[in-house]
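By written order: A, B, C, D and E. Residues from 1 in each chain.
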Amino acid sequence: MAINWFKYSAPTTFYPLAGKLIPWFAISSAILFAVGLYIGFVVAPSDATQGEFYRIIFIHVPSSIISMFLYLIMAGYAALGLIFNTRLSSMMASAIAPTGALFAFISLWTGALWGKPMWGAWWVWDARLTSELILLFLYLGFIALHASIDDPRRADRAAALLAIVGSVNVPIIYFSVKWWNTLHQGSTIKYSGTSMHIAMQQAMFTMLAACWLYAIAIALMRVRSIILEREKNTKWITELAEVK
Amino acid sequence: MKKLSLFSLLLLVIRRDLVLAMRRRADVLTTLFFFVMVVSLFPLGVGPEMDMLRKMAPGVLWVAALLASMLSLGRLFSADYLDGTLEQMLLAPQSLSVLVLGKMASHWMVSGLPLVLMTPVLGLQFDMSVEAIGVLMLSLLLGTPILSMVGAIGAALTLGLRGGGVLLSLLVLPLCIPVLIFGTGAVQAVTSGLNVSSHLSLMGALLVLALAFTPWVTAQALRISME
Amino acid sequence: MKKLSLFSLLLLVIRRDLVLAMRRRADVLTTLFFFVMVVSLFPLGVGPEMDMLRKMAPGVLWVAALLASMLSLGRLFSADYLDGTLEQMLLAPQSLSVLVLGKMASHWMVSGLPLVLMTPVLGLQFDMSVEAIGVLMLSLLLGTPILSMVGAIGAALTLGLRGGGVLLSLLVLPLCIPVLIFGTGAVQAVTSGLNVSSHLSLMGALLVLALAFTPWVTAQALRISME
Amino acid sequence: MLEVSNLACSRGDHRLFSGLCFALSPGQIMQVQGANGSGKTSLLRTLCGFISPDEGCISWGGTDVRELAEDYFAQMMYLGHLNAIKDELSALENLRISAGLSGMELSEADAIAALRRMGIKGRERLPTKVLSQGQRRRVSLARLLVNDARLWVLDEPLAALDVGAVALIGELIREHLAGGGMVIFTTHQPLVVAGMEMRSLSLS
Amino acid sequence: MLEVSNLACSRGDHRLFSGLCFALSPGQIMQVQGANGSGKTSLLRTLCGFISPDEGCISWGGTDVRELAEDYFAQMMYLGHLNAIKDELSALENLRISAGLSGMELSEADAIAALRRMGIKGRERLPTKVLSQGQRRRVSLARLLVNDARLWVLDEPLAALDVGAVALIGELIREHLAGGGMVIFTTHQPLVVAGMEMRSLSLS
């Protein structure tokens, strides 16, 4: 069966679809958060070297990973919007940006909280930390550029170009631990054989999934309000039940 | 229609410039981000040794504040110049100095005040002590208005010259160096346990001097530039 | 009237921008003075300890170069935009990328090259070794054109936005940080006796990449901004 | 009221005019004529004090304008090639602020009325950046309606205006003159001010 | 040659025009008419590709201009509200460079001849910044003389010009049409082109 993807790339059909999907994502995200936090903070044993502090990992690592992936997804949507001139993809890109910035910020914040006991300083100028900071700035740059152009079509296109150019930073963050000798630790999640306790692993993956679902739910909510705002003069919006 | 008093004229100008800054919502935030960015670049170039960074911190923050306020000075009069508003201001039937003072005040609110408020976070990044951060903030609070006011003179003089931005810094930076020295001096004094009040009161005096003279000087500079 | 080849068009654009820069004789000098001034401010803010200064030197010089080139970027397209020349460039019957490349090249000649040439003098002030100065110059020679080219993208995107200067830095600085890191890394490598060629060849690769892609990206950005 | 005697002005090595004498009393209007580059703008800007003349003197009510300074500015308004409006502000805000700068407090209702009269209906609250060339000029000209200056100095007020707007400006000038005002202006387009004698000054 | 069919354009939430159809063949001239803000500039800028239309298509010799891109640009020239001249450069340099940007090499003698014809005599080597408003417009218009574009798109070419210059522009347009050129333009002033039928398009 062939699905007509283009049908769902039109705001008219996407708007109600997103409306139906949001509760599912939101509810499952909430459940997973609860489970993940329970495993992470109650079930998982305390770490031999890091004591109880390590538990911040269950927030820090998912948000770090997601902040990077969201950037790539945002850049991907922006590129689609730029090349195929599809309104919805540009709207998705601008809907994702604030969530991405939020996760980047959380990553920095939790990292800083963790750094004080571990390294004795809130912040060190290490390559990974710095490149995560740059990622936050790239998100903010995207948002600021979009905000300072009044014409939404032009804003979409300009910000898209910026997002694409900025995506070179993501591999730099990812590989920074390998390229430079840093304080920050390297990858612990490996595909073969990990050193982590099984409960830690479960908590980590549950939290990661929860964050993903949360990001999707928020992005869908935001894109719905963007659609409402941008298309407020079209006929189908004025006929919507919630607008009347 | 009723006549405006000098004070409400001052408020009008300040409000106008603030509204203009807010229209470009990005404006206020971006000066701030520039500041944060410059401060964050240094450790990258210099290396992550905490001891050295702690020592550098007040200098870096002050230089960054100086640059951020310099960068935003370019806009102070040039927009008004290009669209002809400045001509109208020179023809205003009230004292031009008051208009200029209003523009200086709003410039500071947009590009100086946010930096002061941001300082604690950056100070912590450089592992500064709470006391030092307090003095640093105080010195910036006294110093950034001076930068805006002295900068305004330069902005008025370089009006309408292309490449004015850089020429402007060239004129203004030397005048701002005393502020920089007293400002960082105050922080160094507090970290080495000395008395800071002499530095700060000197800056206070500079601020009063600037308030008294710069609006008038800037007004004259504007008249010269419009010829 | 005869048709111009692509290459002579490139030369025409470069010559035009250089002539314009020379007309404002101050222009070339002021970027340079800004650079010198920022570099000289740091010792003032930080204190006169030679050991620390020597360590800071490459970072400070690189950051100052970055800021100087950032500051002059604002002018890259905005003058052409305001007086309508940019419209005419977009309507030119040849590849817009070539025109853009010409503008980038002349921007570098005016605001990058002089900094490279000035570096030895400033390096000596910071008591750097001759070897380190050589590597620093080489890294700046490779790096400043990248700054001009990446900066051009930002300049094109922020065209016509008030407060663009600061927004521009916000967009461009993060993208330029890798250049800064490799550049200072090279100097640190040479002072600690390591091999510098890996850093420099990375920068060379970045330069080639930038040459290949930025003119086209900037041309697209210009078309978007003119909408 | 306005008396100009023996005025001379030069730009670069170029003498634009010299020995210029004229006077303007209440209710009078004068058009400055001349080809492109003959010095019309320079003359008007000299009257505003932006350019200091090589020779001669400009007086208002018998006193040199340079002595009067702000007292003179309070009684005149200048409208130049540039519109003096802010792209980011709406027409309404622009008008209220420029009234404020000339020392008047203008209520929103008055401002809207003035803009309506100038034909900016329904676009009072858009940023002026999106307006057309002619609409922007109209916003700038709306200042004529909210001002109690006696002397109007208008440099090509009709530029970019359509026929309807040109007629309206003619009407405004007529009202101003009838109220004892004075106008000195330049234009390359014909401007009809009903029932008023138009004096003219030719520069060459 | 130039065919426009079913063109629609909106700015903000405002539909400026829609369903616009016209064609222009060699030797024809068309004036776009309309009050301030009716969308004349927007139409001309759409023809240049600065604004992408909401609907409809613009074709040149049967091919969509977006496909032709640079081949279309080679055959048209646009002269907008802005003069596109550099304040710091002299009239001569400005003209030679803008010819260069449109792909022509222009000798100094040819450039001077063109400027003379436009009435910029004796000021060819001054920085254009010191020229008067009308003189600057003339420098900009001199590009019409050193260009082999077939389609001229002129947005208020007469702004700031004195009567002599207006007549000259009329003459230039006549020559261009006689050579098989096409012109589409806007103006709020009357422009007489001797012996040519003037088509007009009204926007409202």
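The rule is short, and it goes like this: a residue touches a chain if its C-beta (ideal position, glycine included) is under 8 Å from a C-beta of that chain, and two chains touch if they have at least 3 such contacts.
Not measured: the values here are computed from a predicted model.
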item: Length of the shortest touching-chain route, chain C through to chain D; value: 2
item: Pair exhibiting more inter-chain C-beta contacts, A-B or A-C; value: A-C
item: Per Cα centroids, the chain farthest from chain B; value: E
item: Maximum centroid distance from chain C, chain identifier (CA atoms); value: D
item: Centre-of-Cα separation between chain D and chain B, whole angstrom; value: 36
item: Between chain C and chain B, distance of the C-alpha-averaged centres to the nearest whole Å; value: 26
item: Length of the line joining the C-alpha centres of chain A and chain D, rounded to whole Å; value: 57
item: Computed distance of Cα centres, chain E from chain D, in Å; value: 30
item: Chain C residues counted as touching two or more neighbouring chains; value: 20, 24, 79, 82, 161-163, 167, 170, 173-174, 177, 181, 227
item: Multi-chain contact residues (two or more partners), chain D; value: 81, 87-88, 127, 130
item: Overlap residues in chain A, where contacts from two or more other chains coincide; value: 130, 137, 140, 144-145, 148
item: Chain D residues touching chain B - in the complex, by the definition given at the top; value: 48, 50-52, 70-71, 73-74, 76-78, 80-89, 93, 97-106, 110, 127, 146, 148
item: Residues of chain B touching chain D in the complex; value: 1-4, 8-9, 12-13, 16, 19-20, 23-24, 79, 82-85, 87-95, 99, 226-227
item: Contact footprint of chain D on chain E as seen in their complex; value: 11-12, 34-41, 81, 119, 123, 126, 130-135, 137-138, 156, 159-166, 188-189
item: Chain B-facing residues of chain A, complex; value: 121-126, 130, 133, 137, 140, 144-145, 147-148, 183
item: Complex contacts: residues of chain A adjacent to chain C; value: 127, 130-131, 134, 137-138, 140-141, 144-145, 148-149, 151, 153-154, 157-158, 161-162, 165-166, 168-169, 172
